[in-house]
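Below, subunit A partners subunit B and then partners subunit C, in two separate complexes.
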Partner chain A sequence: MALESLSRIVTVAGKESRHIRRDPLSLAMLLGVPGMMVVLYGFALNFDVKNIALAISDRDQSEASRSIAASFTHSGYFVLKRFSAASLDLEALMKRREATAILVVPEGFGETVAAGRRAELQLLLDGSNSNTATTALNYASALVGDANERLLARRAERAPPIQLRPRVWYNPELESSHFLVPGLMGFILMITSVVATALSVVREKERGTMEQIRLAPLRMGELIAGKTLPYLFLSLVASAIILVVARAVFGVSVRGSYTELFAATTLYLTGALGWGLFVSTLATTQQQAFQIAMLSSMLPAVLLSGFVFPIRSMPVLMQYVSYAVPARYYLVVSRGIILKGSSITLYPRELLLLLAYTVVVLTLATVGLRRKAS
Partner chain B sequence: MKLARVGRVLVKELHQLRRDRRMYPILFVAPVLQLLALGYAATTDVKNVTTLVVDLDRSAESRRLLDRFRASGYFDFVGFEGSIAGVERWLASGQAQVAVVIAEGYGRELGAGRSAAVQILADGSDANSAGIGLGYAARVVAAESAEMAARGRGPIRAVAREGGIVLLPRVWYNPELLSRWYMVPAVLAMVLTLVTTTLSSMAIVREKELGTLEQLIVTPLGAFELVAGKLLPFAFIGITQVLIVMPIATHVFGVPLRGSAFLLVALSALYLLTTLGLGLLMSTLARTQQQAMMGSAFLVMLPMIYLSGTIFPIESMPSAFRFISRFIPLTYYSLILRSIFLKGAGFLDLWPEAAALLGFGAGIASLAALRFRKTLD
Partner chain C sequence: MEPAVRVDDLTKRFGSFVAVDRVSFRVEPGEIFGFLGSNGAGKTTTIRVLCGLLPPTSGAAEVLGIDVAKDPDAVKRRIGYMSQRFSLYEDLTPLENLTFYGGVYGLEGAELAWRREWAVETAGLAGRERVLTRELPGGIRQRLALASALLHAPRVVFLDEPTGGVDPLSRRRFWSIIEDLSSSGVTVFVTTHYMDEAERCGRLALMHAGKLLALGSLSELRSVFEDRLVLEVRTEALQETLAILESQDWVDDVSVFGSALHVIAAAKPDPLPRVEALLRGFAPSRVRRVLPSLEDVFIHSIEKNRGA
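Up next is the complex of A and B:
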């Protein structure tokens, strides 16, 4: 009985594999796109804001003003685009986007500093990119803070009372590409696997071959297993490619166990493929299936997984919604295994919730398919 | 080209769209959902950093510092440990993002007028939050330090209480630095790109796959008439989406529309030339709908969105990527949207970008039309 069932699953899987093989372009996309996306996004999704276009209007021209200007230009965060000893047309600079930040040193700055009085520096920021502006402001505050400390130290020759000693674990350089790799894995695998299975059932419907499958002596579970297994295999190969690319290009290697990582990935992928099947029971054309698949996989995996945007900063309602997003749990586990070298046993809650998601989604897909079949 | 013939294709396409009831919610509800999700969830502001407290000193001074951490609003205390050995488990499992460690003797050192150290351990596997969390911690500690000094505790007794350099920042266009104001125009750009490109990428290949392209070929329609008739309804859908999203952006999210709404719509229409052209190009290259959809999503739209500065700033990319971004039409469209919304830019400020859009659009659309004529032959 079980053996017969197995052989039927293998038959369906074989048929699906032939479909995949006969469309080498789609196959190449399923396997090649994940690797390509890691490279692309690893570089593009960079939160290390650098090269902020800076203009300086130094109306003071004193030693103190030159020293503060130099600390900005040598910091590595800012690129000096314009320098003027007179006043600049600030409005025009901003509107034409020649400068994102403008530092204005007023006349008399050096004298005020030397006299030990409060000296003001003005910084104008283009807030239309709030992200870059916030970072630029933080950099500038830090640079001014350093300058103040140097001043204080020179005067008092003592250190400030409380010293902060920060230490970063797991990713000491705080490199974006490191923390992005596990998130990208979850995001990319989600999209490709949901899209692949979502199309596989609708295609049969649209081409009229669903009837033939319906007449075949197949149980629903066998059909589902046969349809998903080839894509599961493909997606696992794609995740291996992602890991190889991440290591070659960004030097991110897996610190924990590969077996555990692939076990967690398989569980996650099964849920994603199940969601794809469920989507294909909702749609009647490939176009619908594709649109629903893209929207329902991509948006939550980017927005609500904590991959790019911290969940704890979101409104409470959004935080609740994020509990239904499997990428959220996978992200915790894959970050743990890849970056921290933790064991999978540290994350029983996440794994259980992933399992629950997978079971629910596969049940939905079975019910949906059965309804379609009858 | 006969307008009447274009009209007939248009009617056929509209019929097909109308019959496809399930596409309605996808076309008109999905953009709104996207907008809400991105507008509310896509905040890069880091708040409520989960914090583990290891206070080995348990003095009045250490409690003061911890209170300051809590009162800052950025840190959320999720646990307390009595020894440093307990920290590892919290950070490894992700239950805490940072740990504040105050060593024994902190209060005594300060009381004796010497420097004392506070250690912050951060989980760098989320580099973004960790970096920002450390920045907050530095500010909290600096504030406490300054107050200590002002009260005459610690080594520098109120040295230069008022002296030093003060930074007076002023932010234009988005004074409160709300990420929402940055994201919402981005959603408009994304929605328009996603929907119109996908729709037009299916335009020809669907007929190919269903075997109805032959019928279209034997009609006396010219290639251009066929293309125009097929793409106009999608352009209409695109403009409708802009008109739906704009009031939500301004009324629900409070993003100011400082420039002209008419200019925004007009330049969006210009951008449609690019997206519809790209979709059509995909449609002529692909053999099946699956290829067309996956190709336009993975090879065209996603790279376009991520490399155009729509969501992630171009400044931070490596120089090769910054160079590539200049050849992406979406780069110019996103810039136009943000400038009109936030800076109130007019056509005189934006004509170079508009010219770029026109150039790219005309180039892509004619390339697609040429390829399409070949497909028909």
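Up next is the complex of A and C:
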């Protein structure tokens, strides 16, 4: 009985593989698009803020004012676009987008500092891109903090009592592309596998072959296994392609075990394929299936997985919703294995939740497909 | 001998809609059993129940002695099914299609090879086994679909409007396969709209609005006309003629058949001169007596049923 079942699964999988081979365009999409998307997104989704356009209006022209201006221009974060000893038309500069940040050193700055009193600096930021503005503000605060430290040290002629020496691990250059690759893998695999499986089932409904299959002594589980296996294999190949591209283009290599990474990826993909099957029970045309599959896989994987936006900074409701997004768990595991070289055994909770998601989705798909049958 | 299909008081409801309403009949082994009725009459639902796809709401349905409600999988293994949308994968070759359908029915090795050969011969596609199915002519595709449905040598075959949209020559070849099946003892359960196909059926069942209206051979069904006859009226003024004829109390029924009218009336006194006299001077028309067609039988059965 089990052997018969296996042979029926192999029959369905063989047929499905032939469909894929006869359709080179879809095959190219499944295998080529993920690698291409990694390159595109890797470059486009660059969160590193560098070369912020800076204008300086130094009305003081003292040693102290020159020193603070130099610390900004030499920091590497800012690029000096305009410098003026007189007052600048600040509003015009910002409106013309010539400067994102404007540092204004008021007259008497040097004297006040020398006198040991509290001196003020003004920093104007273009807040229309809040991300960049926040980063620029952080850089500026750090630079001013450094300057304060130096001044205090000189006055007291000894080192300040506490000094922070930050060191970043796992991604020491704070390159966002490193951070993005595991997330992109989760996101891209989700889309391609959900879309591919949903379409493969709905295509059979449209052609009327689904009815014929249902009349055959084929169990729903056998049909589902036979249909998903070829796509699981293809998606694993696509994962390998993503890793190769990420290494060649961004120099991101897997620090942990490949076996463990592929084991976690297989679990994640099985859930994704199950979701694709479930989507196929909701749609009657390929176009519908494509739209539902795209929306339901892409949006949560981008917005609610922690791929782009940290889950902790989401509204509480969204945080709860994110528990139902498998990419959330996969991301933790794949970031751990790829960036930190962690062992898969460190993530029992994430793996268990991924497994739970997979079981729930496959059950829903089986029930849905069965109900469609009657 | 045990009947191939036994249906007793079968009812299938979808919510408040009664698709099949207390239908009973038997089909003997080797019989070609025709199922007639308009769309929505309940034919396809009955077939789906018999194939183990839908559980009956009440009543019993047995195929080859197996209760379809109790063991639908056992029924599925023993029957063949083919619908109007011949369910072949057009991007696969005929051989690949046959291998797939053989595989899901558990055929393998020498048995699969032998059945595939049989199917290729039956479909008449020798030499084209490796062409993509979508490139085959409609008639061959349809015979290939039938052969796929017969690959596992089922004892009962359900054909749901299998010859829709196929040329007459292909239809004739298709029916010669069906007759071969029947003479080798396979029961064929077929729905059709075509008169020539109904004539090849041993018995016919007429369904309307979920009910079984009449059951018997074509000549038996025609016998509802024993004291009546059917006149064909060809005229330019179709609607007006229809209205005039309908208002006559000696006319049982008038219906439009393409560009002509069919009038059903008592055989005595001869209605032909009465119709001619009625229409003379009104519109140029030709009246002649015709054999009751399947549609006449059908319409008359509905009328009779309504009266009862």
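To be clear about the criterion, the second predicted complex is superposed on the first by the 369 of 374 C-alpha atoms of A that agree within 3 Å, B and C clash if a C-alpha of one lies under 4 Å from a C-alpha of the other, contacts with A are read in each partner's own complex, and residues count from 1 in each chain.
The criterion applied here is as follows: contacts are C-beta pairs under 8 Å (C-beta built on N, C-alpha and C of every residue); 3 or more make two chains touch, one makes a residue touch a chain.
From a predicted model like this one, the values you see are computed outputs, not experimental measurements.
Of the two partner chains placed by the overlay, only subunit C lies in contact with A:G208; subunit B stays clear of it. Using the contact criterion defined above for the overlaid structures, shared-chain residue A:L243 touches neither subunit B nor subunit C, since it reaches no partner. In the superposition on chain A, A:V332 contacts subunit B only, with no contact to subunit C. Contact with neither subunit B nor subunit C is seen for A:A272 once the two complexes are overlaid on the shared chain.
Using the contact criterion defined above for the overlaid structures, shared-chain residue A:P217 touches subunit C, although it does not reach subunit B. When the shared chain is aligned, subunit C comes close enough to touch A:K15, but subunit B does not.
Touch criterion met: A:T284 reaches subunit B, while subunit C stays clear of it. Taking subunit A as the reference, the larger set of touched residues comes from B, when subunit B and subunit C are compared. By the touch criterion defined above, A:D23 lies against subunit B and subunit C together after alignment on the C-alpha atoms of chain A.
Residues 23 of subunit A lie at the contact with subunit B in one complex and at the contact with subunit C in the other.
On subunit A, the positions that touch subunit C within their shared complex are 4, 7-8, 10-12, 14-15, 18-19, 22-23, 207-209, 211-218, 373-374.
Looking at the complex, you find that subunit B touches subunit A at residues 20, 22-23, 26, 30, 33-34, 37-38, 40-50, 65, 76, 89, 91-94, 110, 115-131, 134-135, 137-138, 141-142, 144-146, 148-149, 153-156, 159-160, 162-175, 177-179, 181-182, 194, 198, 202, 206, 210, 286-291, 293-295, 297-299, 302-303, 306-307, 312-313, 315-318, 321, 338-339, 342-343, 345, 349. Only residues 51-55, 73, 76-77, 79, 81, 83, 85, 87-92, 96, 99-101, 103-106, 108, 132 of subunit C touch subunit A when the two sit together in their complex. Contacts from subunit A toward subunit B in the complex involve residues 23, 25-26, 29-30, 33, 37, 40-41, 43-53, 68, 94-96, 100, 113, 116-134, 137-138, 140-142, 144-145, 147-148, 151-152, 155-156, 158-176, 178-179, 182, 192, 195, 199, 203, 206, 283-288, 290-292, 294-295, 299, 303-304, 306, 308-310, 312-315, 317-318, 322, 332, 335-336, 339-340, 342, 346-347.
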